[in-house]
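Look at the two complexes coming up: chain A is in both, with chain B in one and chain C in the other.
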Partner chain A sequence: MSAPRFHRLLRAELRLLLREPLTWAILAMLAAALCLGARIGAERVAAERAAIAAAAGDSTRAVDAAKAARARYAQPGPLRVAYWQDPTHAFGYMHYFLAAYAVKPPTPLAALAVGQADVQPALTRVSFGFSTVFDDTAYEPGSAATLRLGPFDLAFVLVHLVPLAVIALAGTRLSAEADAGILRLIAAQPVSPRAVAGAKFGAAALVAVGAVLGGTALALAVTGALGPLAGWGTTGAGLAAALAAYTLFWVAACALAASLWRGAVAALTLLVLAWACLVVALPAALGLVVDGLAPVPSRIAAIDASREAQDRFYTGEAGPRIVAAWLAARAPEAEAKDPPALRDAPEIKRLARDAFYDAALAGHRDALQARADAAAAWSARLAPLSPATALALALETAAGTDAGRHAAFLAAVSEHRRRLRAFFEPRILAQALRPAPVCAGCQARLDFDAYDAVPAFPAVLPAEAAARQALLGAACLLAAALALAALAYRRLGAWPA
Partner chain B sequence: MAGGMHDDTGDETGDAPVLALRGVAKRFGVRVALEGLDLTLPAGGVYALLGPNGAGKTTTINLVLGFLRADAGAVRVCGIDAGAEPVAARARIAYIPEQVALYPGLSGLENLRYFATLAGLDLGRAEAGRLLGQAGLAEEARGRPAGTYSKGMRQKVGIAVALARRARLLLLDEPTSGLDPAAAAEFSGTVRAAAARGTAVLMATHDLYRVREMADRVGVLAAGRVVEEIDPARLDHVALERLYIERLAGATGAATTGAATTGAATTGAAGAAA
Partner chain C sequence: MRRVAAELALAWRDARPRWIGAVLLLLLGVAGLGAWQGAARYAAEVERITAAERARWLGQDAKNPHSADHYGLWVFRPVAPLAVLDPGTGPYTGRMVRVEAHLFNDAVYRAVQDAGPLTRSGFGSVADIVGLVVPLAAILLGFSAFAADRERGTLRLALGNGARPGRLFAGRFAALLLALAALVGLPLLALGGFAAASVGAEGWEVGPRLAVWTLAQLAYAAVFLLIALLISLSARTARGALAAALAVWVGLCVVAPRLATAGVEVVAPAPSYREARARIDADLRDHRTAEASDAQVRAALARYGASDPDELPVDLRGLTMIENEHHAYAVYDRELGTFFAGLAGRERAFGWAGLLSPRVALQALSQTLAGTDFAQHAHFVWAAEAYRRGISERMNAEIRDNPQRGGRQLVAGPELWRAIPPFTPAPLPLARGLADAAGPALALALWLAALAALSVPLVRRLRP
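Right, the complex of A and B next:
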């Protein structure tokens, strides 16, 4: 068939499709769902940004309060302030003033997918002495929230509902004509079934892809859910391609169902079964496979080990020996001072204790981190097995709410905690060994004032990973769509008798 | 576009008949649908296939349309092998099924333009309206949704599609079934007019009365073969019906006696030819 003739046929099919009230009803429901999903995503992102802004404000206020207290106490006076009220005391500052946060800032496309964000934190306070094992102790990743289908966000609409909309739009093309008897008159015209199917499903694809991409863009624009997109062009284009390919996959599935020539009811039944398998059952099965391949270490065992370490440190003779060994290792010159007094100093005991806990629980921390890394890696490897998981992972990675980013975030939090400890520890030790007040007769005890030099958490946006995953998802989905289309094309060689 | 169905731009082979079936056989599993069917239809000829349900009439039409491929023999439309090149063969065929089903949400005019587009034609509204008028669809009905049409009105849209196609061969499957007498008479006139313009017509039907009005040759099809060929002009309705029933009974009886079938059919055909 010549291109102009096919073009005329495609236009005729488009007119036919757009004349149907059902088409507009489906498009209206899809637009409403996309807007609702975008609004929910935008609200979550706004809440996340507000929490991060509040944390930043908290950090700034803590520094300002420390500076004000230092100015107040760096005056001679009759009283000496306690170390937990004294910002010139490095240990006091570290424990009682410092408000350090590790943040996982939302990406410009964060409104696309809640992903793991409703069960995993976007920010966590990096504090000392309270959590012995888990940096995300305020959260419980294994909560019952994971048993839900997920929040009603854009990703839910795009991954779960778009296929149903496409099935409603294109699932009975050709089959309904066959049931109504119209196909007989169509088939009697000098046109091949491939050309007719190409025009019918091509028109459905144009409408569906236009509705999905246009609706998503419109929903994001209307709800103001998008952040500044500079540097995210590749990701945006990759996601658009992935969404288009995902929609085409389902249109091709409709064509394949029609090519069986079993009628509209059979086609719809088959397509809904395929949706249930590919969008619900297979992702759930892949989740189980990931759990099997990357088993979750027991948190109870880690908590138990933490309690054992606490018992060991605080009861019997082990605690003092641990402190003495730590002090001898970190400050050999302490022997020349008054070691018993130093060993009893709260800051020395706390630093020695935390170092002991770190060493005692390193295996559990490493196992948890390794599990998070392995789960993210297996998820990325297995995602292409289902079009739904391929698209979901691309959306979550672009939104920055994927498990991989959270695993990297947890590792970064641990690293930041070590960085902070490395910043404070030598200063605390130096003050313990060579205490020097900021002035003679001052209310303040010591001279710490490096508040602005405390390392900040290096928050990162996963732009590269998002672009890579979006392009990979688009490639996988396009390949799957083309495979289905080729299968349908092969089957549509002749009209049914 | 002229009002006729004849397409002068065909690329058919030389002076080939519009439709030629030679020794056509078709089986569905163990069931024989057609066996050694021969049929030649020149331009302007009207051939009616008479036969009971399951005699092979629809199978013959499906073979001509290229929906089925013959197990043996050849089906040629204007010299084109309908099995090997079905799209090219269908370019010369206009087909009106027993039940003309249309898109119910589209008007008759829009349905006609849609089917014309399928056939590769770019039909304007005025031309479509003229063709519907020529097919006998009242002007007030042309813009109404086809879902409100009677069978006769739908059939008129089918005729308009055929007119638009200017085909060399018109295939009709039970064309007058379910039509009221006036509509059936109108339809007969349309078919005769098409034949007068040079369109060959092959129809499958049970309607002996209309057959006599429309056809210039009648083939009685039974058990997959033509057991009798009749010139309807030489018989009145009653004689035609009697002959039809006799031939069917003969074919059925012969079929039950195995080898005797061939003899009975041959005798019948020879008798008719004589």
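Right, the complex of A and C next:
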């Protein structure tokens, strides 16, 4: 068949499709679902931004409170200020005043997918206590029922509902004509089944791809869910391509189902079951594979190790020996001072103890970090095996709510904790070695005021990873769509007997 | 009964129930045994570390009681035996609590934070399989009940021979329900019984729990069996009935539950834990300043008419610590009490959201009956907090009642450590679970009643 004839056929099919009320009903429902998903995503991102702003406000408040207290205590007076109440005591400030947060700021496309964001926090207060065996201890308890059922976000609409909309739109093309007996009439014309199927499914693909891409863009625009996209153009284009390829995959699946010539209902049934397998069952099976490939180390074993370390420190003479060794390593000049008094200083004991705990728990922490990295890496490797997980991962990575980003965030939190400790430790030691008051009779020590020099957490936006995953997802989905289309094309070589 | 037996024999002659049964058995078996393995491992770990923690607590060196209070211990949420069937809120809530002086710590380390990113597709547990696959099984068993007979023309014969549509419908429904009960109920009972026998079921009232839980799952299956039969009553072809029933399955089991989460967020918005914690921190911070401590000391001295702490009949440090702790308890009770009540209200709202989808109703009902609902978690958290307060009270009282003069520190020993009993959390009784389950149970019952009511006109209008 010549190209102009095919185009005429395609236009005719397009007109037919757009004249059907069912088409508009499906598109309206899809648009409503997209808007709802985008709105829920936008609200989540707004809440996340508000929480991050509140954390920044808390950090500022802590610094202001410390400065105000410093001014208050910088004069002689009868008030007794303990070290843990004294923001001019480096150790007191570090443990009882400092409000340092590590944040994972939302990306401009964060509204696309909740991903892991509902179970992994976007910010965490950096803590130095030994109660927190791991750096991912803090979280925000919420409604377990909501977490269990899952959010109605854009990713859910795009990954779960778009295929259903495509099936409703194109699932009975050709097979409905066969059921109604019209196929005999069509077959009697000088037209090949491939041309007819091409026109029918081509029209459905045009409508579906246009509706999905246009609807998503419109939903994001209407709800104001998008952030500034500078530097995210490649990701956006990659996602649009992935989304289009995902839609085409399901249109191709509809064509393949029609090519079985078993009638409309059988085609629909087959497509719904294929959807259940590819969108629900296969991701779950891949999840089990990931859990098998990257087994979770025992949290309880780590807690046990932390308690054993605590027990060793506090039982018998081990504690003083550990403190002495730590002091000798960190401050050899302490030997010239009054070592017993220094070793009994609460801040020195605490720093030595925390260093001892860190060393005792390093293996457990490393194992958990390695597991988080491995789980994220295996998930990324296995995701292309299912079109649904390939698209979901691309959306989550663009939204910055994927497991890989969280694993990197946890590693950055650990590093930041070490950085803060490295900032405070020499200052605490210096104060311990030179306990002479700055101001005679003053209520506080007054020789620590480096509040504004405390290192801030270096938050990052994973633009490159998002672009890479979007392009990879688009390529995988396009390949899958082409493979299915090729299969359908091959089967549609002849009219059914 | 003869008609039911005949329908059952007819259904069994078909290969479909056997295939469905085999697939269900495989899925339930794999999910159940995987969950059992995880639960047994966790229970063994908890038993081992609980004993180790107790030994560590009792084996502490002689020290100041407040140091012992800081030394503290970890307590662990016990495994509900039926968590093997329905983990409920378990994976989404913390399982272990650090008990220590001053702090109402969160229950931490949720299973979900260690789960791989692909495992949250809602297909990982026995309850998930019941929620998603059992409706499919019911649909596959029931879609052809009338539509296939209509297609073959045998429905015309049956009605022509005087078979009453109502009896025909009731017989087929009863036979298929019995088949479904055998395919779903028996494996669930077997898995639950095995879990109860191997994981440890003391205090859980496992027998009645398992029976009621299984009944709830069967009621849920019956909803979808009824849906399939009702569609089959009016569909022209079996394939048409199947397509329509599958569309209903997608709507009720996949789309509606997510819509329910959006709806509940509007009706009962989640309270903010972060804000509650911020309010707690602000309150306690103001109470911790040097000025506040000074005012507290002066008030205590004035109360006893003393000018120096050494003149007091009690230890000043112990006294102020008790006062500070009581202040913190009040703040925690106010803020976290409100927060937990808000979350409990939200969970109740999900029970009523079951009117939107039977799957939502089943989720709320199932976890409550299995003893894995939010109420059980909150009960554990507050029990751990009560235990923490018990330790702090005892340690602080020891300091307060043994005043030390001249800056000396009280040193206590094993006798005091032994005065603290081990932490033995008991689950909420089944009666409480049954009361909490009233909302979702009613929602599920309403689904059944509505479908049964709808069947009356459809059966009456049954045409060959």
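To be clear about the criterion, the second predicted complex is superposed on the first by the 475 of 497 C-alpha atoms of A that agree within 3 Å, B and C clash if a C-alpha of one lies under 4 Å from a C-alpha of the other, contacts with A are read in each partner's own complex, and residues count from 1 in each chain.
Just so it is clear, contacts are C-beta pairs under 8 Å (C-beta built on N, C-alpha and C of every residue); 3 or more make two chains touch, one makes a residue touch a chain.
The structure presented is a predicted model; accordingly, all values stated were derived computationally and were not measured.
The superposed arrangement places chain B and chain C next to each other on chain A without a clash.
In the superposition on chain A, A:Ser192 makes contact with chain B only, not with chain C.
Vertex at chain A: the C-alpha centres of chain B and chain C lie 90° apart in angle, rounded to steps of 10. Once the two complexes are laid over each other on the shared chain, residue contacts for A:Val119 go to chain C alone; chain B is not touched. In the overlay built on the shared chain, the residue A:Val103 is in contact with neither chain B nor chain C.
In the superposed pair of complexes, A:Asp58 makes contact with chain C only, with no contact to chain B. Annotation for chain A, partner touching more residues between chain B and chain C: C.
Once the two complexes are laid over each other on the shared chain, residue contacts for A:Val162 go to neither chain B nor chain C.
Nowhere in the superposition do the C-alpha atoms of chain B and chain C come closer than 18 Å.
When the two complexes are laid over each other on chain A, chain A has no residue in contact with both chain B and chain C.
Across the complex, chain A is touched by residues 34, 42, 45-46, 49, 52-53, 56, 59-61, 63, 71, 73-74, 76, 88-89, 92-94, 96, 98, 100, 103, 105-110, 112-124, 132, 136, 237, 239-240, 242-243, 246-247, 250, 254-255, 257-262, 264-265, 270, 272-274, 278, 288-291, 293-294, 343, 346-347, 350, 360, 363-364, 374, 377 of chain C.
Across the complex, chain A is touched by residues 62, 65, 67-68, 86-88, 90-91, 93-95, 97, 99-106, 113-115, 117-120, 122, 158, 161, 165, 171 of chain B. For chain A in complex with chain B, the residues that touch the partner chain are 5, 8-9, 12, 16, 19-20, 180-182, 184-192, 196, 494-497.
Of all residues in chain A, only 36, 40, 51, 54, 58, 69, 73, 79-82, 85-86, 96, 115-116, 119-120, 131, 134, 136-152, 156, 160-161, 164, 263-266, 268-269, 272-273, 275-276, 280-281, 283-284, 286-288, 290-291, 294, 296, 298-301, 303-304, 307, 310-311, 314-316, 371, 375-376, 378-379, 382-383, 389, 396, 402-403, 443 touch chain C in the complex they form.
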